[in-house]
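To keep things simple, chains are lettered A, B, C, D, E and F as they appear, and every chain counts its residues starting from 1.
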């Protein structure tokens, strides 16, 4: 566990939180944040595509089905829980469903780094799972809101097809999927040309990004109270549950222990790049304090600090017992 | 040819075009574009200077003369053709002459990457050709407009000397020439200090830049019709012609096949960083739809996708036949 | 000396000066400058922390005391000299004291690069000296102004405690100290994860930063006259004096020759990131033309071009004679 | 009336392209846009995570101004962080804007 | 009075957060801020080394406007690079700003 | 007259430094500039490849305002993407601007 907590990435995240609590004037320029996001998405995509080109279809189809199944069902029970137990209104429940069904590319990268630092192998095609799991849940979340809202009078809503188109053409899936394809097509020659930029310094860039994430998470900490104890509990317990399901399914379909853990991490992670952007436009009635705070200030730090080592232990249990 | 088209750079350019056609919200922040430009110019310059320091004057003087000769004559016949055949007015013909006489640093870099991936050697001092060929054509283009415009009444024009000064002090030639000198002076020690930033990740950065170039080119595609079939044909045939002349001259003065091909690529390429900036100020009457569309959306993609392998074949012919 | 002057960093600084003298349109976007600053501070901090983790307390405590002693006394005599000999008013004298007592992270990095290129060893914990020396002098400078100003009527001054808090939470010390701790805690595994971003390309990034520094220094050159001959002489002679004191003290407490020289460089350098930011807010009556011009346009270029080789020679004398 | 007004709209940046399209559709001959941050009833909007604002300025006739404001009110005002205000301005070439 | 004014403050960027806090404390219901460069009596302010400016715009009642201007004058005007100006504007929902 | 006006010029960014120099030469005591994008008769200007716009604001006397506008019209208006407009403003210290 120390390995995970004392990694430069996690420490940078903590430093970011501290910086924002002591009201530091440290601020990443907008365009640096945007550039880091572009870099991370490209780097994850192209490496994944390269690895995918080394895999066979037989290896990939089962994990893909499971991944899509996960991200389509998680929003359903999340929405139900939010409505019934959390007493949230429709837009907020739907937004939370979208966020927890979708995935976090940064948590995913932290999981890869965690496994690499422990020298645990995992399937190279995992980034394609990430790419597949990003969008469906967001669409389902938004549809849930549409279905459950008695005709909003006077309000011209964006048609769902349009939302789907915008999500697919949206920055994050376009870069992820686009560079997955590029990495797939470019072969070893291509990979050698770009890996000095997109692979070698990757963890350093991730460290930078997590510093910025910490800055924002720190500001959101004061919003925690608004969400209340329920959101806090949910933001920790549900990811654990999802991780367990993901690991168990991974084990069932024969993934390596590393691969199954990473599938669990994907299931457990909540989106805070693609989903908030989509919800701001398609679910403006939902309050960002809820979904952003729980995704970024509860689930994300929990996952990268305590979740990763925990899921790793759970995976060890599952793989040794059986 | 596949090697060229399936390189990550070309694929990234295509992805950029797709992104802009599907109206993706992917956008590079302005300052990322500017930073990438600064990086590329410095990297090309300093590597060229380092390589130049390993060359002798005897090797360099002939290619330099040819390079300057090329970029001074290309604008002349381009202007003539645009006026007589293309029926463009004076400012637009002059602007097109400036763009096609000048050179594209990114096309140049793609040409180097192409040769490296095929393990074809070329003269290390080629970047100094790039630096020499950038400005003269722009000045000639602007002068052509001045000479052929019957005194513009009332309009206070920037004196040509001032334009020349601004071009030389302009970002792109200042960085190219400045870092050429720095690379030349800094020696091996200096090169070893900076090559991990300016050399190792270069092709990755080029990939990023081409993604952004594709985004812009994609938007310009809809302007293609404005230019009409003439501009389209010109934007492909003239570069081929210029490449042939460049390769032939390179062969004539004894360059290696790689060096001659790269000289051909320089001749064939059209500027879309320095020239548009200069024309916007000095030839405001010229319509950017013409010069930017043809340079960026026709000639540039043609060159990096089909041109490079084509010129390579042409060079092989010239070097084997003779 | 040539090694120092012909390094890409120094040459890039000179190119920046030339660019601004010829009124080039070369301009670094604000966010690139900010990103470079963030990068440099993190890189210096994390590498220093990593090296510090390899040192023992016994090695570190004496140099630390000397470093703090230096940066607390330098502002005192600087203030006195500025008031008595320079005839500056209280705010300007205090601001200059703050700047020269504090340190320059970039000069420091240039000193490390200088020693590395000559293969001269130095103590790895030197960056912690840098981190310690940054803030005290600024606080002392501001206090000097407060003490020596007969109650400013009507003006509500920021309390000194608040100034201290803001300085500690300020970008530059937060990143330096924060990443010093991170580098210390992250161990070899952590260092290996991030060094491809924060170590390998460091000197290249420094080159970029110095290009930008040159652009600003060039603009400030025209302000030199305002400061007059006194400021010019002070900006060169005092750094030499401080360097000598630093080297002698370093020798006295048993630092290696490299370490002593770097301590001298720290003493001699003047801050131009943290100190100007603090003085603009806490000493708005002080004129930036004085402190920024002397720190950035006199002392900084003198130090990296002539100072480094000079201090090296002085250190050789001190270490050989004794 | 031919009185020209400078109409300023400050809204969530995600709405920028829709608003720009719509005001041109309703008679604006051009617009000028820039990135801003801000605070209002919907809280602080000053970072890319939670979203920032766009400021869209357009010089339009009084008629178009009213029409655009009416449209914005119906489509956006209740659901998004957004304000709009206007005041008369003098321009150099009136025809440029009509 | 309920007349709304657009009050614009252009000041050294280091002052941004204090000014924003203070105008909200003195009755402004919101503000919009952006980075600008400029030139004035304190010289050119167009780079991060020497500092740039922030432009803060707030729509406030005439009363608050006067109060804010009074405060700025006492606290900042003599010591910092800063200007402020205002003019009346029409808004869509007056209550949003009061 | 001593009435102060806020004169706003929106023009191709390549013209920024000339315009700034010239308005100071014609009586402006300062100006504030920022990067903007936009659309107008000359098409969309929202990226660095094709160029963006600069917005220059200056508070000047009515006289200077007229003089500057006259100059801009002669030198730039027919050849470059550019608009300019002005309206009266109240300032805190009138002398700062005269």
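What we mean here is this: a residue touches a chain if its C-beta (ideal position, glycine included) is under 8 Å from a C-beta of that chain, and two chains touch if they have at least 3 such contacts.
Quantities reported herein were computed from a predicted structural model and do not represent experimental measurements.
Participant: Can you name the chains that touch subunit B as well as subunit F?
Facilitator: Intersection of subunit B and subunit F contact lists gives nothing.
Participant: Which chain has its C-alpha centre farthest away from the C-alpha centre of subunit F?
Facilitator: It is A.
Participant: Same or different, please, for the subunit A to subunit B contact, judged on whether over half of the interface numbers appear on both copies.
Facilitator: different
Participant: Based on the averaged CA atom positions, which chain is farthest from subunit D?
Facilitator: C
Participant: In whole angstrom, what separates the CA-based centres of subunit C and subunit F?
Facilitator: Taking the average C-alpha coordinate of subunit C and of subunit F, the gap between them is 40 Å.
Participant: I'd like to verify one number: the distance from the centre of subunit D to the centre of subunit E, where each centre is the average of its C-alpha atoms, in whole angstrom.
Facilitator: Once rounded, the distance between the two centres reads 20 Å.
Participant: Could you state the distance in Å from the CA-based centre of subunit B to that of subunit E?
Facilitator: About 47 Å, centre to centre.
Participant: At which residue positions does subunit D touch at least two other chains?
Facilitator: Only 34-35, 87 qualify.
Participant: Please list all residues of subunit C that touch 2 or more other chains.
Facilitator: 29-31, 34-35, 200-201
Participant: So which chains end up touching which?
Facilitator: All chain pairs meeting the touch criterion are A-B, A-C, A-D, B-C, B-F, C-E, D-E, D-F, E-F.
Participant: For a test of understanding, state which residues of subunit D touch subunit E in their complex under the given definition.
Facilitator: 10, 34-41, 46, 53, 55, 69, 72-73, 77, 83-87
Participant: For subunit A, which residues are in contact with subunit D within the complex?
Facilitator: For subunit A paired with subunit D, touching residues are 30, 33-34, 154-156, 216, 272, 276-277, 280-281, 284-285, 288-289, 292, 296.
Participant: Which positions of subunit D touch subunit F when the two form their complex?
Facilitator: 4, 6, 20, 24, 29-34, 59, 87-93, 96
Participant: Please output the residues of subunit F touching subunit B within their complex, sorted ascending.
Facilitator: 12, 14-15, 35, 43, 47-52, 74-75, 79-80
Participant: Along subunit A, where are the residues that touch subunit B in the complex?
Facilitator: Residues of subunit A touching subunit B: 29-31, 34-35, 38, 42, 46, 165-166, 168-171, 174-175, 178-179, 181-183, 185-187, 189-190, 193-198, 200-201.
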